[in-house]
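This is the structure I want to talk about, given as structure tokens.
Letters A, B and C mark the chains as written, and numbering starts fresh at 1 in each.
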Amino acid sequence: MSALSVQFKAVNKKYPHFALEDIDLELPVGSIMGFIGANGAGKSTTIRILMGLVHQDHGSVQVLGHSMPSDQAAAKLEIGFVSEDMRLYGPATLAWHMDFLRPIYPGWDQRYADKLVQRFDLKPQQKIKGLSHGQRVKAALLLALARRPRLLVLDEPTTGLDPVARHEVLQELMAVLADEDRTILFSSHNTLDVEQISDQITFIDRGRIIDSDNKEAFLDRWRRLRLVLPPDGSIPRLPGVVEVGGSSRLPVLTTNRFEPAMLSACSDLGATVQAVDTMTLEEIFVANVHCRRERLTA
Amino acid sequence: MHSDIVISQSDGRPMYLQIMEQVKQRVAVGEWAPGEEIPSIRQLAVSLSVSVITVKRAYLELERDGIILTQQGKGSIVAPNPDLAPRLYNEEFSEHLDQVARLGDLLGLSSDEIAHRTKEASNRLNEARFTKETLCKETL
Amino acid sequence: MNYSMVKTLVLKDWYFQRQAILLAFAGGAVSLGIVCIGGQAAFTIGLILLVTVMVMISAMTVMGNVLGERENQTLAFAMTLPISYVEYTASKILGNLLIFVPFWLTMLVGSLAVILISPAIHGFFAFAIIMAVEILVSTCLMLVVALVSESKGWSITAMVTGNLALNVVGYLVAHLPGIKEGLFGTQIYWTSTATISLAIEFALIALLIGGALHIQSRKRDFI
């Protein structure tokens, strides 16, 4: 079992109108985890607890071998953090920020920073307050990347970026992983990005982690089966069916425990398999959340 | 080592299958020679902007199929297996035939009708090749 | 305590407050100039101006420096640096005091110089020192309240309270036995009352700062 860069054990945090419950998280070194959840699901809170910005009520948090939040100063020396609601200093320039951070981080790589300035098409002498949203995001990312952190924590890194900028950012994030000692955790609404580059995916909804697995397993397990039933046929009972849609003779079953053997099982039970659809990560996530919420209200 | 593999996002098939196919094609065509070094899992993942785990899976399946070999800590190479090319095409041919059978079944065609249609397609290919050869001879 | 990071943060704060700081010193120099013109009227006007400028810059730097960080959402950026919250608080306290204190000290020394030059107002010596330190106390109060409450409303309340307290304390001290006899005299009049008053004021400052550091270290949600 490879070393873990982040480990949450039974973490709880209570707010007046929201609670994070029993959060268990394991992020192996050298991998990239995508964190998907609706607004208000608890992504940002979990990330803040990871950074030591919020103190958990219960449970242990280990980041790069440091206990959080007690050892946060040492941990943060090796972490690059970018969040949607974080701002750089408006009256200062990007160059000022680079000069400010360089003496603080021993791993600062100015050549890499200069390369990123070119790549992201930024102007170091421009004041932050004069930058567009996309440029500001890229600037913050640059400052996080240039310190060559062992752990990169990103809260919505591609939100609000145009497609070209998104592509550049994803490429730079992947470039970080060329070094197998470096790890990335990012939360995103953009399921396409998560689906493309994540090794591990975690779903969070209403303060709880509802599923966590490696990407290929997710994509393998979930299928939509389009069946054609005979006039007096009934829907075959299959394992892991979380949703049944379609009409009575043309049901569509969504299952999270698909196996090729299911297809012959269906035809054995009298149902013709018209199609077996793979599901995008977004479809998987929405189905997962719906199923869970329905189960809670039932 | 920069790979020249290109992935389509609109391709409905799983990413790892696309990668496998591209690697197989390169080997079949001879661009990647037997015994030649190929990009490591991480290198390919970075150059494609695709999860390491996906590339790892593709490489594992390719190794299982005997097309590449991964040496622990030393990267990956094309397997030194001379029977590669015909076997690759054979596999692809079988896969496509399975699909033809399934689609034919959906359309309600009988096995004979499916066979007939397959023969028609083969004839079309031969005709096109003959026409091209004739054109080439005429221009010379 | 990581003193290197605290220093980095203080310098950063000064950089962003540099215009306010320059303006303050300019205002202070002008006020001091007026005080030095000589004469009762100039002295009074100059002193009032001096105190006003001081109150204003302490308010501006606290608002801009302490509360501004949260408003402008740059607090997250600062807190993702390799520091603890105690170090952050220490840098805010130190940064603000180091802006305020030289200015305050200049005012104190200047006023004392003026007092010592003209024998007619020698009696003000003790009173001037006590009141000057009182200004320091009320500034610390506003700083600490801003840090701990993170609220503009409470900070302004603290500032107003500090101002009122200044007037009240001024009245009380001027009527204290041990001070009032020598107030209008031509001699420097120092008694134990004066010493005790100063001791109380400095104790208050230590309490405010220590209290702030303690409360901040116990906070669980920084963002």
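Basically, a residue touches a chain if its C-beta (ideal position, glycine included) is under 8 Å from a C-beta of that chain, and two chains touch if they have at least 3 such contacts.
Predicted, not measured: the structure shown is a model, and the values here were computed from it.
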Going by the contact rule set out at the top, which chains touch both subunit A and subunit C? none
Pair of chains ranked first by number of touching C-beta pairs: A-C
State which chain is most central when centres are taken as means of Cα atoms. A
CA centroid of subunit A to CA centroid of subunit C, Å: 48
Report the inter-chain centroid distance for subunit A and subunit B in whole angstrom, where each centroid is the mean of the CA atoms. 32
Geometric centre distance via CA averages, subunit C-subunit B, whole Å: 77
Mind listing the subunit A positions that touch subunit C in their complex? 48, 51, 53-55, 72-74, 76-77, 79, 81, 83, 85-92, 100, 103-104
Give every residue of subunit C touching subunit A within the complex, in rising order. 2, 5, 8, 12, 15-16, 72-74, 76-77, 79-84, 87, 220-223
Residue ranges of subunit B in contact with subunit A within the complex: 9, 12, 14-16, 42-43, 45-46, 49-54, 57, 106
Under the touch definition given earlier, write down the residues of subunit A that touch subunit B in their complex. 30-32, 167, 170-171, 174-175, 177-178, 180, 196-199, 214-216, 219, 274, 278
